[in-house]
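Here come two complexes built around chain A, the first alongside chain B, the second alongside chain C.
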Partner chain A sequence: MTLIVRSESPSPDRSTVWLEGRLDAATYAAFDEALRDVTPLLDNGGTLVIDLSALEYISSAGLRSLAQLRKQVHDRDGRTLLVNPQPQVKKVFDIVKAVPVAEVFASVGELDQYLDHMQRQMTAPGG
Partner chain B sequence: MVFRSVATRLALGVLLGSAIVLVVTGGLLLSHTRDQILKQTEQEASAVSGWAATRIQGRLGNVSRVARVMAGVLATRRDEAPGIIRDTLAVNPELVDITAAFIPRDTAAPHPTDAPIARRATDGTLSMGSRLDDPGLYWTSSWFIRGLNCDDGCWQAPFHAVGRPDTLIGYSVAIPGQKVPVAGVADATISLGWLQRLLGELSKPEHASAFVVDANGEFLAHDWTSYVGTRGSKPFRAALAAGENPVRLTPEMGSRVSEPVWVYFVAIPGTSWTFGLTMPEREVLADLRRTYYVDILLGLLALAGVSLIALVITRRLMAPLVILSDRADDVARGQLDFPLPHIRRKDEVGRLTRAFDQMRRQLAGHIDSAKQIAREQERMASELEIARQIQLALIPEPHWLAADGRVEVHAALRPASAVGGDLYTYFTLGARHICVMVGDVSDKGIPAALFMARTITLARTLATHARSPSEILGALNRELCKGNDTCMFVTLLCGVVETETGLLSLASAGHEQPVLHAGGSAAFVDVETGPALGLDTEARYPVRVLTLLGGDTLLMYTDGVSEAHAANQRLYGTHAILDSIARVEDGATPEAYVQQVLGDVDAYVDGAPAYDDIALLALTWHDSGAVGARLDAVAHS
Partner chain C sequence: MRLRIPNRLEDVFLALDRAEGALDRAEVDASCRADVRLVLEELLVNTVRHGYPDGRDGNIDIRLEVEADVVHLELRDDAMPFDPLQREPPDLPGDIARRDIGGLGLHLARSIASEFHYARDAHGNRVVIRFDPSDEPAL
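And then the complex of A and B:
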């Protein structure tokens, strides 16, 4: 069982990464390597969305990788949002809280709603 | 042994291959030359035959001319016949007799002058006679009837005359009549002895036999005199009738020959006779065969010479290879230090020798570096072993009974490799509190081990002044967040027990729920978790408080237990842990809990190597006198 990473960067302010398989001690290095190509495409202040719908398993090593990625993006004023985790993966996020629970969304719809909300806040007068 | 040498095999191969080529091309040449020689012999034979036929024709032409002239003369001068034939015989010495046979005027009373004959005896004297003296009636005999039909003359069949040893043959011409078309037959006879002599005088090719045969296949003359007067064999006659030339006759075909022969025919013009030559095939091809054998022998000698030269040259070329193959055996034995022949040649052998030398050096280099790597690995392993000892020294003894005997702790730590990221620890906080912790650092190996060391050391230091697990986790978290760019984190479950009352406060930083075995049943203790330590400086950790009764046991563990599995197997699971603990009897020691869970996990993975570190800690509170309701409370620090 391995990890497959796909990514799409339609605009400089938003990139999406899909993970499929297992993110653990054996595969996190490949994940880090793949993301090294994706993060530079993201402008400062951009949003990195990681779609976890096909991720079957995440270990503490995988969580560390995600936390580190989040920290790197955060240092550039960006956000890392996780979307659509499977129940067993969601449970790990809930227990370990390696990333803030507020940054994990159950569905793409929920994520879009959140992003809309954030945008309105930023464009609102005096916002 | 000799045949293992490439040089010998090459030389033999050259010899064998060339010999095959030689024999095949020799065979083709032989067949080609054989055809040529047969053609040449045929030309030679036809030249001889043609010459002989011409001579025979000349002689016979003379006879027929005499007979035709006589027939013309006798047509009008029947009465002068005896005189004419006598005079004619006298001037033609090659003739044996001349007959002027007329159809008798009265067959009832024939007159001797109807058929006078002039004869030449063997001594040369001439005499006259009559055909009436023949044994049969001459006008009914076959030669006469045949002669009547020969207006232009024809040769009769050969015959023997009484009192003569030689074979005779007559040429008959019909004598035209005055009132009837034919009046009689003029016949001139010659001896075939001259023909036999002519054959003997011919300059024929060696071993050739000449013969003359008539249209019926009867030999008129033959070098083999016993054949004269006999008929040729059936295939011979068939070839003669079909006009085949030349023809090959063999004993198998039924010919009267002892070996295959070639027969060449030439028809003698003006007659129905054929002159022929017989040549034994063996003799025709004898020279050719001899030449072929000599050629093959010389060719084989030449090939043997070439093979010898090939053998010598190849051995000289291959000599370095023999040394190289010996040296390759040395390499196979691990012996790399040896001299190599100094080869200046730029051919394959030279290149191979140089490449071999380079390979030997590279191999030596690789072996050296492999040895170095092995030494390095050995050093790493011993360093890891030392690191393991140091790490184990960081955690307290597996078994501990508090001074007042109320709290008993038993723990186990099993790193998956030499060092690991799981931890447990316990220590007293002041006189009345005991702190227990079980944690799991993200990732494995040396980084995890170092982070674990940092965690366990900080925990003891920071906990000294705290009384609540919430405070302990908060302080530890803030400390671990410092300089943690790689986002290493540790999940940690921290419990603080008041030894006198059994009051237990629990706080979790992203860790698995503990199990409480109380009153004969096992259940998870629902502790709200905060973020794992080392990630979020602002994190807060809620506290869950419960009161232990005498004999109650709290079991804390890491995910190495809940996620234990063999290859392709399902994870062990938290519920399996619950089941395992439920099987432990009431009032058992904490050691029994640890052994039960570890035993069940080992049985589940069935000898497969562990995927993750395992840490387990069981805490039992002993208070036989204390009876009261369990007090639950949740407090936020």
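And then the complex of A and C:
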């Protein structure tokens, strides 16, 4: 199995990318290529959600791609949030302390709650 | 499983699939299969990319054996001398986007393996690795 990348950019402040299969030294270039079309759709300060529910496997080559992507979004004042890493991916993240724990969510529901909370904080009077 | 592959990236990935198939047939659990695949990918990709700086053709021998839930892996190559255990562990600041990323692959391989030995003899580099299915990596 290789890698399948799907994406949806319903609004300029949020894009979601779904990964399926393996993100490794054989597939990272396809991932980089696919994301080159997605990131320009995101406003400065926007949120890029990467759904890892169907990603079975990641290696250091995949970690490098994710890191570059996070840096690229971060440099435009945006953030990258990761959802639902599976056991192998979670193990690899843990070993290399890949991402701040606050940016990884166990489920889409948990992520939505967090984003709603952030939204309310930004719009609350005196906020 | 015994396999000899040329030092090319496409052959590395064919070998990974063969190895995973062999482990599957030996009823090794999914988590241990993924561990073996990761260690194999990191070490083989590293050897192919950096082991032959003069661009010559080389060979890598892979031996994989399962014995009472323990997986034994042996890799031999004719690349330039390289001991993966001599590399310093990378600095891990808790956000890979903030650091220059090198050495992550070897760090992963060493962390996931239950035992990791290196030797160099007249044939070249030799790495012997053991995977215990129940082992959790040292964090």
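Some observations on this one:
Assume the second predicted complex is superposed on the first by the 127 of 127 C-alpha atoms of A that agree within 3 Å, B and C clash if a C-alpha of one lies under 4 Å from a C-alpha of the other, contacts with A are read in each partner's own complex, and residues count from 1 in each chain.
Assume a residue touches a chain if its C-beta (ideal position, glycine included) is under 8 Å from a C-beta of that chain, and two chains touch if they have at least 3 such contacts.
The model shown is predicted, which means the values in this text are computed figures rather than measured ones.
In the overlay built on the shared chain, the residue A:K91 is in contact with chain C alone; chain B does not reach it. Contacts of A:S60 after superposition: both chain B and chain C are touched. Chain A has more of its residues touched by C than by the other of chain B and chain C. Once the two complexes are overlaid on the shared chain, A:H117 sits clear of chain B and of chain C alike. In the superposed model, A:R76 lies in contact with neither chain B nor chain C. Of the two partner chains, neither chain B nor chain C is touched by A:R6. Once chain A of one complex is fitted onto chain A of the other, the partner contacts of A:A26 are limited to chain C, with no touch recorded for chain B.
25, 60-61, 63-64, 67-68, 70-71, 94-98, 100 are the residues of chain A that lie in the contact sets of both chain B and chain C, per the superposition on chain A.
Every residue of chain B that touches chain A in the complex is listed here, in rising order: 440-444, 485-489, 491, 510-512, 529-532, 535-536, 539, 559. Only residues 9, 12-13, 31, 34, 37-38, 41-42, 45, 90, 92-98, 101, 104-105, 107-108, 111-112, 137, 139 of chain C touch chain A when the two sit together in their complex.
On chain A, the positions that touch chain C within their shared complex are 24-26, 56-57, 59-61, 63-64, 66-68, 70-71, 74, 87-88, 91-92, 94-100.
On chain A, the positions that touch chain B within their shared complex are 25, 60-61, 63-64, 67-68, 70-71, 94-98, 100.
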